[in-house]
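Here chain A shows up in two complexes: once beside chain B, once beside chain C.
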Partner chain A sequence: MPTRNLDEITTEILDLAAKKFSVPRAELKPEDDFFKKLRIDSLQALDLLTGLERHFSIELPDYELQGVTDFRTLAERIQARVG
Partner chain B sequence: MLDLSHYDSLGAALGDALDRFADHICLIEADRDRENHRLTYRQFRERAMPVARALENLPFGAGNRAAILMSNQSKWLIAAYAILYRGGVIVPLDYKLSAREHAELLAHSKAEVLFIEYPLWRMLRNEPGFAALALRAVFVTEAPEGAEIGSARRWEECPEGPAPTFVPRKRQDWAGIVYSSGTGGRPKGCILTHENYLEQCRSLTTWYPFWPGVRYLSILPTNHAIDFMVGFIGPFVCGAAVVHLRTLRPEFIRDAFPRYRITYASVVPLVLKNVERSLRARFDQLPPMRRRVLDGLIALNRGLTRRQPHPRISRLLLPQVHQAFGGQLLTLIVGGAFTEPATLQFFYDLGLPVANGYGLTEACTAITVNDLRPFRADTVGKPLPGVEIRITDAGPDGVGEVQARAKSIMAGYLDDPGLTAETIVDGWLHTGDLGWLDEQGHLHLVGREKNMIVTEGGKNVYPEDVEHAFEGVPAKEFCIFAANYLWPARSLGGRESLILVVRPDGEAGADGLPALVAERNRRLADFKRVSGLLVWESDFPRTASLKIKRPELARQIAERVERSAVIDL
Partner chain C sequence: MGPGSGSICTTMRTYKGETLSWNLTEGILDVSLHRRPCNEIGSATLADLERLVEALASLGDEIAAVVFSSAIEAGFCAGADLRELYRGMQQVKGAERLAGVRDFLERIHRALNAIDAAPAITIAAVHGVCFGGGFELALVSDLIVADRRARFCFPELRLGLVPGFGGIPRLKRDLGNALVRDLLFTGRSINAAKALEAGLVSQVVGEGQAPRVARLTAQQVRKFDRGTARAAKQFVKPIPYAELRQEIDLFCELFQRPAVEEGLRKFVESTDALPYLP
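So, the complex of A and B:
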């Protein structure tokens, strides 16, 4: 898989989140709180993690979501695993 | 099951269980769809002894405190047994809290030893408060090869050797310090004795027995009083097995039921509602004819199980529903927060009884539980055997404060004699919850006297603990209340919420506050966020030492403004 930079990963997360939770893509920004912006609870956030795992072909343990509320930080966690 | 009346301590009872059920499976640990291992009771002991030996070598013995900071897994229970074997006191901590909160609770508990998972260790050791902790030893689990773990030890390097010495304890000795909440202002560490646990286990298993062959799926965090009891002590003293998943992803939890033929599982209302939604969606997709047949079978099952559950009949009538849960599920235990009666009834009508109940960490686990004879969706059940309930200062509607007395009531709050004296008076636990008892002896809960919310995810949130996140907002003064405390709904249900009450600064005004509060909210865990803002123009009533008189302010607010004045965030 080609190496992706943080901006690319963030964009892909925003695209996927918008589609998965039917939120207009233009309304999502990297610094947004995804719980609030997507109107999701902690279980749905885990579901989002599963979607991201499939998209990036990686495995993300649940603890990677711990303390993370914004898309940008989530992208950093994913980048560390995408390599 | 062991006769727990013969034992003085959890360590002694668990030790005998490991002998008696030596060849039965006690633990299955899976990670997603991969099984990590399954252990017999004999193998459990073999894994626990090196850990107990490492503790003995520290030295660590009677009354010493050891914290556990791990997600649900075999090592959690192995560490707990090793601590109890050495006569120690377990301090189970919520792995979902932040590193700062972990450091605060470790300091408060005065834990000398810590068992911790590697990812949590990485975060904790970078926390400024960590250096000041009085930890004598840290055991880190599953640290990658070559990983820097500082002065900590690797769990995997606990020494082989001769059996360590078992340290006996008495019933009134401390077995655990369990935090019911509170990381900001006033941590509440409930001191639970061996007697508390042994008696709670005895009464719970009277109504919900375990036996060899039963499999309990452990999803609620094991630091939570419910999972510690029904996902460790209960099944172990009966020779049953506990299944751990290293993930809480709904799809893997769903798969675990049929894969491991689960008998019992504890869930929070949020999960239960999630499962209900997905089942209803599947039912709605059925062709009209099949849907009518299904509805007919559900109605028939409801009629046949009116007096008590009949699992065999329900499985026969609704085989596909039951097979999706593995075909062996007897009961779902729901705890931690209020569950809507419609949800409870939905599952019961499918032949999947939900044992809802009411409990507090202060009472070890549960005070009342649905005994299913018959099932009642509208109450939180009857007092467990050995538990007395009374309602005090009842109004004309019979509603008053729920108080409980039992051998399972905690010894007190750690290092807080004042709060202990307020909470336990003449042996009665003042729960701060409002309710009434009906003629059948069932308890109905209707609200809280305490300024507290219990989230759908089962977490207690004290508004006082959330306030620090809002320090510095341009306001003369502010404080946070649970909406249900300001305007009691006289019924529980729906989403409970926190309200920020602000007396605005004259110059800055209130216009920019919603955006600012939303920004501050982001610093908080999702379940601790404020969802409404109330602008209040009068001075807050304060004590001589300038503390806000919260009950007085709450009364003024309730009298002068309607809930509709709250600005949604």
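So, the complex of A and C:
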């Protein structure tokens, strides 16, 4: 698969999150706080992490997500792992 | 109802407890964990596990296989009941506090060692969260069947502790030391695919399928002679008793440090989005 840029990764995250948590895709923006926007708790955030790891075929240690609450920063963390 | 005082039929083939229940059908004992919010292991679960050990001994060769699964959507088990532990710490101090913790550890080690050594083949059907003490419960089993959404983690170091229910010796039994150290020192969680790659789980299955696949696996192992299966199990799955004993001592030594109480207080009072992270 060709290397994805940050915008493409962000879009894929938003698509996956909307589908996984049944939120209208049009309501999600890169700068959104995903805990608030998706109305998820810490256990559901882990489920999102699992979905992202599978989708991007990466390992993303959860300590790298400490303090990360918006989709854009999440995409940056993933981009660093996608290679 | 007090801890572990559930209803049990006189033959011990069925049991309905506060934290777990079981039913024996056609040689397979289905054990279901069902304590909300996510099967945290405290005194009630310990009492039920001790009752389970009694049933395993009593039923003997009637049981070919045991399947552990969780009826809680969030996962298999989120670990030890840290809120109960913290509340207990507030009620007693010093030597009495340590004696209480050691007594709990001795009892849960006896129960988990007995399940580990049970003649029947034991299978954990894991989904969602499998953290800390929950991970330790899964590691007791002979096989782990993981839902693709399962995650495994040892977050104990964030509290200034090591896993106390036999986690490190049993993880070392199954995995290479590099990943053992990574899991322990970082406290990170790994997904089911990684766990399969590492040799921690034997099968990864689709969402919601782990109990069904674990039962199919149990039906397969049931076909073989039980004496032979028991001999094979003893041969391939030695129980690291000496290290398990050392783990209790290390846990108790660390438990006396002031940082542990502070770590527990922070966790219990945390409103962070990801409170399990160090």
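Simple rule for what comes next: the second predicted complex is superposed on the first by the 83 of 83 C-alpha atoms of A that agree within 3 Å, B and C clash if a C-alpha of one lies under 4 Å from a C-alpha of the other, contacts with A are read in each partner's own complex, and residues count from 1 in each chain.
What we mean here is this: contacts are C-beta pairs under 8 Å (C-beta built on N, C-alpha and C of every residue); 3 or more make two chains touch, one makes a residue touch a chain.
None of these values were measured; they are calculated from a predicted model.
Asks: Does the superposition put A:Pro61 against chain B (first), chain C (second), both, or neither?
Replies: both
Asks: Once the structures are superposed on A, label A:Asp70 by its partner contacts, choosing first (chain B), second (chain C), both or neither.
Replies: A:Asp70: touches chain B, not chain C.
Asks: Once the two structures are superposed, pull the chain A residues common to the chain B and chain C interfaces.
Replies: Shared contact residues on chain A: 35, 41-43, 46-47, 49-50, 61-63, 66, 69.
Asks: Name, in rising order, each residue of chain A that touches chain C in their complex.
Replies: 35, 41-43, 45-47, 49-50, 53-54, 59, 61-63, 65-66, 69
Asks: Can you name the residues of chain C that touch chain A in the complex?
Replies: Within the complex, chain C contacts chain A at residues 38, 74-75, 128-129, 148-149, 151, 186-194, 272-278.
Asks: Which positions of chain A touch chain B when the two form their complex?
Replies: Touching chain B: residues 33, 35-36, 41-43, 46-47, 49-50, 61-63, 66-67, 69-70 of chain A.
Asks: Flag every residue of chain B that touches chain A in the complex, lowest number first.
Replies: For chain B paired with chain A, touching residues are 71, 95-96, 98-99, 117, 119-120, 123, 246-251, 270-271, 274, 456-457, 518, 521-522, 526-527.
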